[in-house]
Every structure is written in C-alpha cells, then in structure tokens.
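Heads up, there are several structures right after this.
Note that subunit A is present in both complexes that follow, paired respectively with subunit B and with subunit C.
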Partner chain A sequence: MLAKRVFFNKYSIGTKITMALGICIVYGVFLYTQGANPFLIYYEMFQATFGNVYGIGEVAIKATPFILTALAVAIPARVGLISVGGEGQLACGALSSTFAAVYIFKDMPSFIGIPMLLLAGALGGALWAVVPGILKIVARVNETITTLLLNYVAFFLVGYFIYGILKSPDAYGWPFSPRFSDSLRLPTLEGTRIHIGILIAVAVAIIVWYVTMYTHLGFRMRVVGGNVKAAKHSGIIVERMQFVTLIVGGAVGGLAGIIEVSGIEGHLRPMTGVGYGYIGFLVAWMAGNHPLLIIPFAILLAAISVGGNALEMHSGLNSSIVLILMGFILIVILAIGKRGGK
Partner chain B sequence: MIFVTEVLTNAIRAGTAVGYVSVGEVIGQRSGVINLGAEGSMLAGALTAFALTAWTGNPWYGVMCGGISGALMSLIHAFVVITRNANQLATGLAIMFFGQGITAYFGSSYVNLQISGFEPIALPFLSDIPIIGSIFFHHDILTYLSMLMVPLVWVFLFSTKWGVILRATGERDEVVYAHGKSPNCIRYMAVVVGGFFAGVGGAQLSIAFSHSWMENITQGRGLIGVILVIFASWRPERAMLGAYLFGGSQALIVSLQGRGYNFSSFLLFMIPYILTIVVLVMVERTGWNPMPEALKKVFGRG
Partner chain C sequence: MRKRTLFGIIITFLVIAIAYFNNSSSISAGEVKSNMGVGGDAIGFLFVGPRDDYGYNQAAYNGSEAVKEAFPFMKLLRVENVPETAEAERVMEEMIRSGAKVIFPTSYGHLDPALEVAKRHRDVVFLHQGGLKTAENLGTYFSNIFEVIYLSGVAAGKMTKTNKLGFIASFPIPQVLLNINAYTLGVRSVNPDANVIAVFNGSWCDPGKQASAANTLIDQGCDVLTQHQDCTKTIIETAERRGVMSSGYHCDALEIAPEGWITGAYWNWDDLYVNMCDVILNGEFKGSPYDGRFRTGIHEGVAKLARFGKNVPDDVKKLVKEKQKEILDYKFYPFTGPVRDQSGTVRIEPGVVPTVTELETTDYLVEGSIGNIPK
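Now for the complex of A and B:
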C-alpha cells in the first residue's frame, strides 16, 4: 500500500528518463541563451558533486539537514498531519543547543558534551512543536497554519538572542554566537569537512522507517493516518498519537539545527539553516513521506545546490541560476506526478 | 502626537505591499486555492517593475508589467494545482524558490541602481486635514489605489453575481458546476488575478517604497500576505487591516529606534504572527470556521 503511493513506482523507467532529459534540455537551452556552454556546465556540476571525494562530501553535508527536516514532516504525516514547521524547529534546536554549548557544556569532553548537545537540540525542536501540538489537540487549531506561523516567530527568536545576550564579544560586531569549543564540534572524517551528522541523519531515517513499518506503535500510527474513525473505534487515543508524532517530528527537526551548527558553522548566525525547513517539506513530498526514500531525494536537492556553488566559481554565472533549476525541477515533478504522494 | 502620526503614516507606507498580496490572495483562496507562490509572484513583480521603470522612465509601465509577471507566475501555480491536481502547499513553495532564483539571477545587474519611480503626492485639500491628512493622504499613487481597491474587492466579492460564484467555487464547486460554470476556469481566473495583485504589491515595494532593487527584496512579505488572509478570515478589509498592522509593527520599531530607544526589534516583529495564532484560537472557540470548504481539503482534516 505504501509503495504504491511512492512517486517513483508509478512511472516506467522510460518516463523517468524522458523527464530527466527534458529538464536537462530545457535548462540547457536556457543556459545557452545566457551565454554559457550547457555541456561544459553540466560536466562541471557533475564534477563538483559526484566527480570526486570532496564533492561527494559536500553533497553529504548539504543533504544532512534536508533529510532531518524532511523526516520532521514525514513523521506527523504518518498520522495525517501536515506540518510545515521544520524551519522553526531547526532554528529552535540550533538555539537551545547553542545555549547549552555556551553556558552549560562548555568544558565538557566530547563523549559527554556532544550527546548532550544533540539532546538539547532535539529538546529545543520538540519544545517548539509542543505549541502547535497543544493548539491542535486542545483548541483544534490547524497544525499547518500554526507551524507555518511559528517558523517566523522562531526566526525572530533566534535574532533576538543573537543580537542580544548570545552575541559574541569577539565577533567584531557581527551577529554571531560565541564559537563552540572544539570538544563540542561534531567529529569529522580526517582532513575533510564531512562530519558524523550524515550518519545520524541516515540512522534516524532507518529508525523512523523501522518503527513505522514493523512495530505496534507504527501500525497504530498508520491506522490513525488511514482512518481516524476506525482508529477511535479500535481504542487508539487519536489525540495522543497526533501530539506525540508532532513532538517527535519536532525533535528530529531540532537535531537538524544542532548538527548544522556544531557540524559545520561552529557558531549560530541569524541565517543558519534558513530555508532548509521548506526544502525538507518538498523532499518529504517528493518521497511520498517514505522515510528511506527521503534520503535519495535529499541528496538530489543537495547535489543541485552544491553544483550551483561550483557553477559560480567556474563559469561566473550567478549562483542563483541554480535556484531556477531547482524550482524548475520541482515544478515539473509536481506537474507530472499527478496525484502523486498526496 | 507627532510620534503617533509618524508611526501610523509609516505603517501604511510599509503595509501597502503586503496588503496588495493579501487582498489578491483573498480572491484566490475564496476560490479554494492557496498560493504560497505569492512570494514568487511578488518578487517577479518587483523586479519587472523596477527593470521597466529604470529602462523606460515611466513607472506605470513598470506597474502594469509587474502585475502581469506576477500573474504569469501564479498561472504556473494554477496549472500545476488545478489542471495537474498537485499538492497546493508543495507547489507554492516550489514556485517561491523558482521566483527567488529567477529574480536573483536576472536582477543582479539592477542592484545598487536608484530610480525615482513613484514619489509621495499630497492630495489637495484632504492632506490639509490635521492628523488624518498627514496619515492617509501623503502617499504614493499605488497606496491610494490600494485604498480604493479594498472596497472594490469587497463589493465584488459580496454583492456581485460573479463574487457569489467565486465564493461558491471555494465552498461547493458542484453547485457552480450545476449552475453551468466551470469551477476550474473560475479558479484559474481567481489565482491569476491574485498573482496580478501580488505582482503589483511587489512593484509598490520596489518602485514606490524602496526605490531600489536587491536580491530577495520581499523578505517573506508574500508568505506573510498569504497568512494574513487566514488572520483576516478571508475578508479583504480585514486583510488590509492586517497588512497595516504588519507595517505598523515595522514602523514602530523604526520610529522608536530613531528616537534613541534601544531595544530589540525582534520581539516586536513577532507580534503579527502571535496575534494571528491568538485570533485562530479565538475563532476556533466560537465554533465558527470561516475557511472555504475547498481549502479544508488542502489542510487535511480539520
């Protein structure tokens, strides 16, 4: 039942190839009109993403938050809730863990500090999801709207602290939090920027997949998602399931925040991870909310965005040209995937 | 008193762009289509208007073409969600990203350019009324138009035949179908008109408000406009009020900081969003849900 809803199973290989080729050709013509050689650009984009170890690492780094924010959407989706709150949960996870890193675990050794930070991030994201959760089950307010609104509140909350008490005195007036101590940075693969975040993200995806597919809890989740009345009659407390999935989704979204800060940037900025929540929503949609399919789609969008940065360096075209490609691909998939993944 | 008039004047100045988006979105959502891509429409409108004004020197060309490019962006949305039946929220976000990309790319040569565009005009006689005159009648022409637009849209929605058909499309489209009209055709028109409004809102932002272009100039105003419709319970006059409230929170910050008060503007920026949530909770308590039936399907079961 699940597999049928998944986008990729609905089309023959031929359709998929035609679609991909069509996108490449249309975008290639566009690149040509901009005075660039499309073949060269495609080659460079490929080189920059999957052509060498460095590129693959960059894609993995970029895909990590996308996987987690997509899971933050996919988990509540299992019980039929539409959350767009990945953006705010990521911000709050990053914020709470930055507080923890700066004030509490500053001098902790890595083996305690990093798990504690991850916990703090997950807690921050979960707390942020408590608001729409309570509003949903107590006041029956639609969770899509509240999560969307709270994204903005979270963004301003981060700004409030970064320009206020969290502002580092050593950042030359820039709105940055103090840097995390080295023991609190996620361990990286020797000599690269690849950090263990991608492993965490994939592990979370596998756990979510296992729980939803093979456990009693997952079964009850799917019952609620399939038919609320049937769930009520079989004794499942629907409200509790909705609340719990929202919170768990929030925790996963919060993980994306801490991993982004501790794994890559080393300090919190107002713009850390901005937009990742919305990309996560699109990833989850494309994957039909399937926890494992989320991974390849996150990698696809990550590759496009990494390829775009490379484009700017090599061909001098503004990197925003790749946002055009991303939007275009998404629109085509949405337009062709009739009733897919709903 | 000077302080109050200053804040209120600037509230209107800063809120008008959002107001255009929001009122346009009322029309679209009344037909049952929510368009998060209004952000993309607004960006397209802002850039097109700016480019054309810089090129021709006549801001009216800018406004017209800005509106049209906003409408074209929303036409994509309409095609994907109405004809191809795709998820409305996902499509809207995709269009938002597309709009951000396309305007950032083509707009890069217009950054750091200043144009005159529309300047504020003091309306004769009206602007001499104390206080009210300076709040309402010292604005650019697009702001005056937006004030005219609200009652026009109101009349259209609630006391014309086409308004009834539009609202019926959002509530029970089989009735419209039985009446001999195509619901999808009406939805197309509503979404495209909404996009036109968003484009004009973007134009107001770039050629009448800031007189300059920068990447992602709207900074989420399009999404805010969409959300305000929910705050406004799908009524155009409340949508405009919400937009002024949004502009007011920004104007208050600027005015207070200009007077040397030192506080964080971020807490004030949150107010419109938190207020919307409070309104939603209160509306839900009354048991009255003004959301068009067709939209309820988009948002899943209540």
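Now for the complex of A and C:
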C-alpha cells in the first residue's frame, strides 16, 4: 500500500533520474561560467552532506524541524484545511518551553524535565493554533489567512519576551534567554551535534501516518477531507474535527520549537527557527501531505541547505549562489508537480 | 492489538535510544595541543551579512582579501549571511572539516556558537571580532573605534543647525551603547545644546526598518543621521535624498552622499588580520597578545577617520584634526570623567580614565542622548 503511494507517479524512474541529472548539468554549466569548478563543488557538497557520519548528522539535525513543521501542515490537510502556521507554532512552542525551562523545570533531572519540556512546547504550539481554530468554527474565517498572519504576531511575541522578562541577565544586553541547564538539553551523540530530536520527529511521523491510515479516527478525518457534505450526512461533527486537527497540528509545530531550542541552540533567540515553518510547508506540499513521504523530502531540503554552505565556501562565489540553486530546484519540482499532479 | 504492538515498539525504541544517547552525552575533553592552529590548509571567515553592504561585513571582507593575498598557499573559506544562531556552528564545523585550523567568526552573535565549536576542536584557533568571552583556543580582538566616532561626533556637532542628531542603532549591547555615547560626547563637546536621538531597531541590516527610522528621525527635525548598523547604505542614501547630513560608520561612503557627507569612522582590518594569521600559523598563538582579549584602535590605524565631505568648512576640519592629534598623542581621551548618564548620575568619576574592559560593559546612555534602552 505504502510502496504503491511512494512510487506512484506519472513519471518513470528513468525520467526522474534524467531530470535530476539535468539539474546538475545545467547548474554545473552555470557554475563553470562563474569561474568555479563544478565537479569539485559537487564533490564537496556530497562530502558535506552524505559523505561521512558528521555530514549525515548535520542533515538529520536540519531535517528534524522540517519534518515536524511539515506534519503541522499535513495533519490539518487531512481534513481539507490549509494551515500555514508552522512558523508561528514553532516560535510559540520554543517560547513556552523556554518559559518552562527557565522558571519551572530548571533543576529537574533529564528524565522528567525533558518530557515535561516537550509537553510544554507542544502545549505552546497548540495554544497558538487555538486562535485560528476558534475563528474557523465560530466566525468561518479562512484558516490560511489567520495562520499566516499569526506567524508574524508570534515572531514579535517572542521578541517581546526576549527583550523583556526572558532576557538573560548575563547576556550584555544581547537579546536571548538564559541558557537551559544541562539536564534540560536533549541528549546528543558524543562529540557531534546529533540529538534525539530526529527520532522524535520520525516517531511522530509514523504515529500520524498510522492514525490517519489505520484507525477509525483517521478514516473519519479522510471523510471530512474528501467531502464535507458527505461527512455531515454520515453524522461526523465536521467543526469539531477541523478544530481538533488544527490544534494537533499546532502541537506538532510546537514540538519543532522545543527540539530546536533544547537540542541545538541551548537558549531562545529572536531568530531561532525563523523560516523553518515555511520550508516545512514546502516539504508538506512536495510530499502531497503524506506523513511518511514528508521524511525523505525534509531530508532532501535539509541536504540542499547543508550542502549550500559547502557550495558557497568552495566556489568562492557570492552567497546568492545557494539561493540560485534552491530556486532552480524548486522551479523544476514545481513544474513536475504541476504536470504530474492529480 | 496491532495498534498496541506498534506503539509498544516505538516507545521501546525511543527509550533505548534515549538511554544510549544519554550514556554517551558527556563530551570528553579533547587533547590540548601546543601548536594549535597549525597544520591546516585553509582559513575560514564567517560574515553575518553580504560582502558588499557598505558596512561591517564589507570592511571584514576587505580584510579577508588582504589575508588571501598575504597567504597565497592557504585556501580561503568564506561564507556570507551566516545567521547568529546555531547555524553558525554548522558552518564552522564544515570549515574545520575542509581543513581550516584558523577561523574568524566576525559577528558579535557568532561568539556563543564559536565557543561551542571551540570546545569540540581544541586544535583549531578561533578569533572572534569583538567578543567579551574567551576560551583556551578562542581569542577576541576588536578595535576601539569609539575614539574615532567621538571625532565624527565633534564634526557633526559643529555642522548641525537644528541641534538634533539621529542615531539608528541595532541592539543595546555594550559596543553599540559605547558608540552612541562616544558620538554624543563628541557632539556635546562642541555644542552643549545639541541632543542625539537614539533609536534601536533590533536588527543589523533591515533596509525597510532603516528607511522608516531614518525618515521618522528626519521628520522629527534631525539634520544629521548616523548609525550602528551592519549595512549603512540605506540610511546614508535616505539622508542624502531628504537633504540632511550623515556621519558614516564601518566604511568610507563619501561617494554615495556627495552633498551631505560629513565624515565617519571606518575599519581597516587588513594588517591586523594578516598579522594574526601570521602569528597563529607560526604556532605562536599561545602567549601572543591575540590569546585573550586583544584591543587595538586609532593609534595602530585599525580604526580610521574617513574623508570629509565637500560642504564641511575648513575650521571644522581643522578642529577635528586637532582633536585627532590630541588623541593620537595620548593627551586626550574621550571618556575621561566626569561622564553622566541620562538621569544625571555620574558614571565615570571626574578625572578617571576608564579602561577599555570597563567601557565594554557599558549599560547606560550618556547625558545628551535621548532614547530608551530596550529592557
């Protein structure tokens, strides 16, 4: 069943490989015209991403928030809602868990503190999704608009607290929160930055997949997503379903926030995770909102952004060289999606 | 049944993983090598913005060009637009993987990520631009540009007609506050009636915010604008277009404001960067002045006064040059007490000459500046 979905596409595998090679060749020619050696650069990009354990770890770290913010989009999408709120939910999850880490669980041992922080993060993201949820079912306001606009509010909300009561006293005026105590940092693999967040993200993806595919609840969600009228006639309370999925999506988005802060940053900064929500939306779209397909697409985008640094470093070209590559790949995927879509 | 089995498997998997990761989470202290920084075939530079921002990053990039010329056998790894988050850690790890044993994280917010990476790579030397914290293999360097900014303030204080000068600042960190204070002291030294209005826009380079702040300040009657931002072009151009004057920072930008340019303070990192690389590559980092907090400035030519604009009268030029000579001859120091803060409280006692270390913990604005430090 799954295998069918993964490989179901209008294009044969040969065509896809040709397309990927085509991107490499065209971009390589472009690099060459700019005075760089494309073979060397591709080699370095591969080295930086999948060439060794370190590179794979970096890709995994980067993919973690993308998977979660993509799920934050994919879950509401099951009932036909288009949420763009991963960005704001991530920020609020990071904010609420930072509050919890700084004021409540500061001295807790890891085995209680970390699960509690994860809960706090999920709660923060969920609360942020309550607003569009209520507006949706009470006032019938379009959830795409509300979730998108609330992203900006969330960004400034984080700034408000970081410049205010959450500002670290020993930061010399620099806007960031106090450091999380060591017991509240996600465990990492020795000598690397790889933390257990990727396992959590993959586990959440599997759970979401299982629930939507194999449970009664998942079946009802798909009915609502397929045809609202039919769902109503068969006795499903559509509004409740929409509300709950928005909240659950928000909670998953919030998880991305706490994992980023506790796993990577160690303290909250105004720019923590900025942009990840939108990349997550892109991932969800590329994966057709399929919870398991989200994982490889998140890894793909993570690899591009990790490899991008190597590209810039070894080509010696302007930083916009990375953006050109990203834009190029996205346009090609967009073209495929357009023609291969349902 | 199946549901429970699946969840059981997932949870067991997670528990095992957490236990495994936990066991190995303590980072073993790496061996401290005596010849740290030696043996690499590359030098890394991180910039927070683009290389052509008419500002901080352009100045640092120019410095890296000098390094490139001085060490043709070393590969230069340069990455622009590195955010001041853990993203910077990844860039530095990648540089080390590519053979760099000397790394220059050039933005203030790159310090914490650099300290993290420094813990993991004891054989790599990090030279952070402007940091207050150091480590075994991480030194910081900076140039006391505030002495030049004081001179820039003297010129601006003479030039202003409305006695209102606008200062567009980024974050209320000590170095920024220090520059606002130096500018204000310079202005006030020649024009006790003038005030400097400081606004904090919470970013290093956001042209939209810069333009709106510049326009607001001009609308409030400011006729000289200056800034502590990373990219300076927008503010200088806005001032020029609105017919008001500007004092520059980071780079000499006379050519983009031929009418309104007064003068400014800029960095000249070339010789310092080259010398630091030289010392480290010779295996002499430990015990050198760069191992710790290294501060330099106007005397060494690392901070310089820019050219004067065409509308600056000769008597103003002469006055500024005289002050500059006094500073160069150690006859005058801008922060000699008494220095009062906005509330009138004396922060530096009369006759006291504060050390640079003391100044770098500045958390107040001096008398004559209007504006609140974001709390």
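Just so we're on the same page, the second predicted complex is superposed on the first by the 323 of 342 C-alpha atoms of A that agree within 3 Å, B and C clash if a C-alpha of one lies under 4 Å from a C-alpha of the other, contacts with A are read in each partner's own complex, and residues count from 1 in each chain.
Note that a residue touches a chain if its C-beta (ideal position, glycine included) is under 8 Å from a C-beta of that chain, and two chains touch if they have at least 3 such contacts.
Just so we're clear, the structure is a prediction, and the values are computed from it rather than from any experiment.
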(request) Could you classify subunit B and subunit C on subunit A, in the superposed arrangement, as clash or fit? (result) clash
(message) Just to be sure I read the superposition right, which of the two partners does A:Val228 touch: subunit B = first, subunit C = second, or both, or neither?
(response) first
(message) Contacts for A:Thr188 in the overlay, against subunit B (first) and subunit C (second): which applies, first, second, both or neither?
(response) second
(request) State whether A:Asn309 touches subunit B only (first), subunit C only (second), both chains, or neither. (result) second
(message) For A:Ile200 in the superposed arrangement: first (subunit B), second (subunit C), both or neither?
(response) second
(message) Taking the superposition on A as described, I'd like to know which of subunit B and subunit C A:Asn318 touches: first, second, both or neither.
(response) both
(request) Answer with first, second, both or neither: which of subunit B and subunit C does A:Ser168 touch in the superposed model? (result) neither
(request) State whether A:Phe281 touches subunit B only (first), subunit C only (second), both chains, or neither. (result) first
(request) Could you say whether A:Gly80 touches subunit B, subunit C, both of them, or neither, answering first, second, both or neither? (result) first
(message) Quick check for you: in the superposed arrangement, does A:Gly159 touch first (subunit B), second (subunit C), both or neither?
(response) both
(request) For subunit A, give the residues common to its interface with subunit B and its interface with subunit C. (result) 159, 163-164, 318
(message) Which stretch or stretches of subunit A touch subunit C in the complex?
(response) 44, 47-48, 54, 58, 61-62, 110, 159, 163-164, 167, 172-175, 187-191, 193, 195-196, 199-200, 203, 206-207, 210, 214-215, 264-266, 269-272, 306, 309-310, 312-314, 316, 318-319
(request) Give every residue of subunit C touching subunit A within the complex, in rising order. (result) 2-3, 6-7, 10, 13-14, 17-18, 21-22, 24-28, 44, 50-51, 76-81, 83-86, 89-91, 93-95, 97-98, 108-109, 112, 116, 120, 132, 171-174, 177, 202, 361, 363, 373-375
(request) In the complex, go through subunit B and note every residue touching subunit A. (result) 76, 79-80, 84-87, 89-91, 93-102, 104-105, 108, 215, 220, 223-224, 227, 230, 264, 266-267, 269-270, 273-274, 276-277, 280-281, 284-285, 299-302
(request) Can you check the complex and tell me which residues of subunit A touch subunit B? (result) 80-82, 84, 135, 139-142, 144-146, 148-150, 152-153, 156-157, 159-160, 163-164, 228, 278, 281-282, 285, 317-318, 320-328, 330-331, 334-342
